[in-house]
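Structures follow.
Same chain, two partners: chain A is paired with chain B first, then with chain C.
And now, the complex of A and B:
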């Protein structure tokens, strides 16, 4: 995807999020004009940027929204709930289109219908205000290129061109692709084409390569009519008005007929010829040019592309066409492609109206300028005159004068009118002193009218105009803008990686100190190295925490979506719910925040759908009519806690017990005897959902087990309390950051192996005699509890060491809520590492959580115990 | 190398101008609102300002009026480009101190040609 489109999608998503949040805010406070302005600006930005891409559906819809917001902003209309609903719907749609755009990089045309359908009610509020967008709404189809003109015979084109060149007449190009089934609706495409006023040239070809004759459906029209007509454009448009989707029309000057055709000679290089021809054109030495064209033509094979180009050059010379037509052809000979008249025309059409055929022949343009540049030059000069006529505040008078003179000076210099710069400078100084720009206006008028005279002399002017550019540094004004920077996350990750490497490199210093002392016997040097190590170590740690800070973002980022969710769902369910959010500013690592969004939304949906009772039921129960859901985030030591509390009906323990027993998650007996608290925890078990019917809101086939899994994936835990009739209280605890992992290193086969520290309960050493064998499993007693035992070597398919009486090193870990002892060769230290997941071919090895670089430069594997056991 | 300051609150639009102009050998700096634009204009010399109208903190009109009254930078050419398509916008732009007015979106060819003319930059 082009970076520009990616930028547009990202920026628009931000703006839409802001807009939706803003709309909800002004719904409660319709007088907040600042907010309304902010929303308007966001929408305005999307509309403005959308014009850079071919995404009309977005432009149309956003434009309608913008117009409505503009009216609200100017207080011609008052905001009501329905408008907000419609606007939210519109922005949701745009958001969806952005997703499509991200996947496919284009939007299907049929979305335009949706855009208009959604725009209509928005525009309806505006009454009879004209829709600016209405006029260009039907984007006329246009030719992708004009290469097809080459299939018309060169001589035919030449005759037509000779007739029209210089007369100011315009041609209409058309391509008519009748519907394949047109014969069945009584149409006669060929007859229609022959009606074209002033039909000059026509080529009929297949729309696609025809199938073998035996397979061909003779009742289908597989033809495409391409041609050139000299009749009035309007008459042609009228003729084809009933087949708007099958016709492309383009009005052009006759120059488009100049298309060299023929066989390309890949080895040929005409750079020399083109250079010589260019200089002859510059000198207006037409005879000279004719001479070299003839010479080269004689040496070229008639069917070669270059010969065709030369013949066209010759024709243009015979018709004494101006260099404005010769030049594109010369450029084409240089590249042996084109000329791309469509691009040339499009560029010219930029300026009002586009150039007429006469303008193509205009020889009034100064040498160095192309048609487009010449028009831009004239436009600039005209606008500066206009600006000078306008009233201006006295304190801005000088600034305006100087900027206008700078504009004129630069334009003159660009156009090669250097000889006028001195005069301009004098006029500027006079105007400045007398505060009268009359003389300057005179110069501009002269420039606009009589360029031809200036063109005569084109001597390099000695006068180099003085730049009016400031060089001195002004005293720094007050600076209060909050500077924020949007950074690609990969860049931060890269930084993180580099810091990881720095930490590793730093850890080699203690080894160096040891060597200095032991190998070279230099104790002083060793001490100095250690001191330096201390300094570098501190900086590295600061650096690490600073970069972690960059990755931190407020949990409010996820909470933003909640008001909308609660509003929409409660409306749908006819419930009244107050959402109270606190602690949005609490920060955690970006990955964790992002992993939090879906589980939190699921929890909220549950509360709204199942937790909070309908208002009438609440009143009967003596509860306030409005249910409340509180979302509270706060930092708790090294973790972030998020609590979601509702005052609804709580979880029906009996239903959970019953369901769990029926689904076979626990035995009927277990279900009966377990405590209420334990029973409620069963809702986290896979495959248990307490409502019988799948509801539209929360029952989407996933339950609380998914919530728990996603929270555990980012290293968090979930606890749940529920009181029947009083409500449910969920608490999520999450690590602040996932970037650094605490691991316990153990030894296996003389190599270190990491075990995530959060799973480690304790380490014990026991004699082999303390191990019981129960059937095929091993276990040992730890403080009166039987703990199953596993041997890491066996788990990893490594050979067993020779049995000995030495004490076994057992790491007690807690996996799947149960303590397990793991026999390792030996314990090493606990450490902080930057864990990198396994990639590529190794990515499928789920037994390993990843790798970490150690201080001595070696790589340590970190095992994934949850998979191993 | 000629330097252009692009002041527009839409990052996409800024990126578009940057892509088009840098490809033609201009140096491009960006500012996301009028205030930021003024700050940059005051600390660094530019050959051309390209200014949007509707922006947070300080709009394009205010920015241009301020620039035209600031002796060190008042002579720098400025183009105003906005989505509003009415003629009174061009007049308002000129009254504020713009030297040219365009409607969004501006075609690359047009932007390049205008930038070259207004900065006097010759093609390589």
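And now, the complex of A and C:
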């Protein structure tokens, strides 16, 4: 799977979890706007990221949810329970799809139907609101003037013009100013420009004077590309679609190429010439005009501006251009300032009206807003004004002000109100200083009302086109360092393995010290090695505990699912239940936490289904109508304890006894004589469920034994107390971490074998005569108790040593709640090891819990006594 | 390596990528009269282009690639 998709799945799951929790929270407290915003943002993120992949169903459904949340957020709709139900359903579906996505990396198309079915009721709340927001695009940057065309060689321009004039072909002018940092995102602007369809002319220049070579930063883009292309405008727009803020595109007729260039002669006055030329144009006396142009051209220096202008006139005459082109050039000669094609085009476009005008407007500012755009503009202004009035945390005030101003600024630019930009900036600074946005709000109110009039008065020439510069806020935001890392668990596991190896390597140092002393007789060296060992030992231990910390996560991670579970189940069963969760922040190893989820949910279901009585019954019993379930987690020395307490009817001991006897789990007499406490423990036996009726919630008879097994799998224990009529109390005790296991090493056939330390009760040495044989079983007396005896060699199918009178080493362990003596060859020391489970082909050897590496490099097997005995 | 820098001549070949820009800049900083041969060059990255422009280097052999030569050479001829 691509890392991007994997990340999307992981993140979306987190977001969905947060969303579900949030929805439950606002169900009880619909006024909590912060929470609603939080949910909206999470959903928005999922929708946005989903667009990166071919997963239309997710996008469709999440989008519907997002739209609904958005209206809730803006308080256009009031929240009701049905919405929460539908939203929860939708997110459940998305969660399922994520599972499918994780397995197959794609979503079948038929899911789209499901997505539409599920989103229809969500959309129904929205009424006839449009599903897509009609937000106008960010104002497109435009050219301030076209004088820059002059830097292109006159001859080149002339050739191009000659080719295109009169053909009706249009040119696209572009100015591409790449972002200074663009090289870092892998862009090559020059390459991009070379791709331009029908690239005709190109000028490459620095955006600022070249710095001295010694101070230059090669990876800071300083270039600006300006040019003319004859390819279709749409294709150019497509080419530059990824750099919309860095590109200016303008579609023009080829006449814009007519820009006289050269040295200006301040003293020269061509009024007479221009007047004469004009009259000749009026008379359409082209030959006459050609004559005076040639005459003046002969007397002008070729580099002079006027010569350039005359040459253009000559070319136009040669191509029998319309006077529409000649006149602006003559006008320019009069003022000695190059024809302002931008203004001329605009004016002619306005005169002409119709599609050409619209076309022109589409690519240059200022634009007359269409009715729809105008509505959107007013909506934006009103919206910003509303946001400005909403309460906000003091630390977020400035940020909000800046973003609002950025939005308004962009809208103003789009609408062509560039003259207001300065005022806006002033008001923004004032507001920042005084922390009072009153004046700004005034401007907004004015804008919202007066927009209509402005629109009428707005003349195109009033505004100067500007490039939109991206606002600075996002850049500032990115600089904040990310302080949380998401790391693949395998990497942490690898680190853990390495530390394990370090511990092993470290443990070989004492052996080395011994050798130095015994073999080489060097005590000083031995001492020094031991000192070094002490240092390395300390570091290794710190390292180990540090990596444990990395793997720790709060149990709240599992608890998050509870509110939803309780809500859904209690609704289904018509019970009223309050869930009280405490100690979510208690931490434990990730594997343990994850192993905890299913058992806990099972326990909770049992409590809701069997424990808590229906409201009427509770009232009859004099209990509060609402049942309560408390989940409490806390750290208890080296372990984590989780208590689940309910105030329901408790476990029916008689029913358990009866059923256990009927199922043959215990004999009838045993069932009779057992204490209540012991009888209740029978619910952990496989195949026992006390309710007669099997519901779809719990009670399939696979319940509590699964809970016990999965808790024991992660090295924990379960204890249960129940009082009839008062409730049940379950306590799970779990180790903080599974990484380090305490084992007691014993010797068997000269090899060490590990026994989990938590099972070991004591060690005794007894003469063979102290062993009783009862039939073919053996036992011995230990402090007036008969303890059954097993021989490890026999359990492991190894040959027995020759019988001798030497004392037997007996390890007394507690397995399945009973003491058992185990005969081993000898005892060794207790040690801490990193237990690696048996893998692959050896995985099926259940007699062994795993292997551990020892300090001298040898491997020790750790036996699984629960399986062996 | 597409850009081969010798005593005072740098030879460009094929597509010259962004990684070449920094070594080239350093080379140019030490050269009083640097010359470049672009004959076999088919494209050079914008970063290289701007370094060449800033250094106002002399191009002794323009690219054979007509397209590249057309857009590149005017930029490398110091207009001002």
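One rule holds for everything that comes next: the second predicted complex is superposed on the first by the 517 of 869 C-alpha atoms of A that agree within 3 Å, B and C clash if a C-alpha of one lies under 4 Å from a C-alpha of the other, contacts with A are read in each partner's own complex, and residues count from 1 in each chain.
The definition used in the following text is that a contact is a pair of C-beta atoms (placed from the backbone, for glycine too) under 8 Å apart; a residue touches a chain by one contact, two chains touch by 3 or more.
No experiment lies behind these values; they were computed from the predicted model shown.
> Which holds for A:211: it touches chain B only (first), chain C only (second), both, or neither?
second
> When the two structures are overlaid on chain A, which partner does A:396 contact: first (chain B), second (chain C), both, or neither?
first
> Can A:409 be said to touch chain B (first), chain C (second), both, or neither?
After superposition on chain A, A:409 lies in contact with chain B alone.
> Go through the superposed model and pick first if A:191 touches only chain B, second if only chain C, both, or neither.
It touches chain C, and chain B stays clear.
> Does chain B (first) or chain C (second) touch A:221, or do both, or does neither?
second
> With both structures fitted on chain A, tell me whether chain B or chain C touches more of chain A's residues.
Touching more of chain A: B.
> Applying the document's definition of touch, where does A:380 land relative to chain B and chain C: first, second, both, or neither?
The first partner, chain B, only.
> Looking at the overlay, does A:7 come into contact with chain B only (first), chain C only (second), both, or neither?
It touches chain B, and chain C stays clear.
> In the complex of these two chains, what residues of chain C are touching chain A?
So the residues of chain C touching chain A come out as 18, 21-22, 24-25, 28-29, 43-47, 49-51, 53-55, 67-68, 71, 74-75, 79.
> Okay, in this complex, where on chain B does chain A touch?
Touch residues, chain B against chain A: 9-13, 15-16, 19, 35-36, 38-39, 42-43, 45, 47, 52, 54-57, 65, 67-78, 82-83, 85, 91, 94-95, 97, 99-101, 104-105, 107, 109-110, 113-114, 116-122.
> So in the complex, which bits of chain A are touching chain B?
Touching chain B from chain A are residues 3-4, 7-8, 11-12, 38, 41, 44-45, 47-49, 51-52, 132, 346-347, 350-351, 372-373, 376-377, 379-380, 383-384, 386-387, 390-393, 395-396, 398-400, 402-407, 409-415, 468-474, 476-477, 479, 481.
> List the residues on chain A that touch chain C in their complex, please.
151, 153, 178, 183, 187-191, 193-194, 199, 202-206, 210-211, 213-214, 216, 218-219, 221-223
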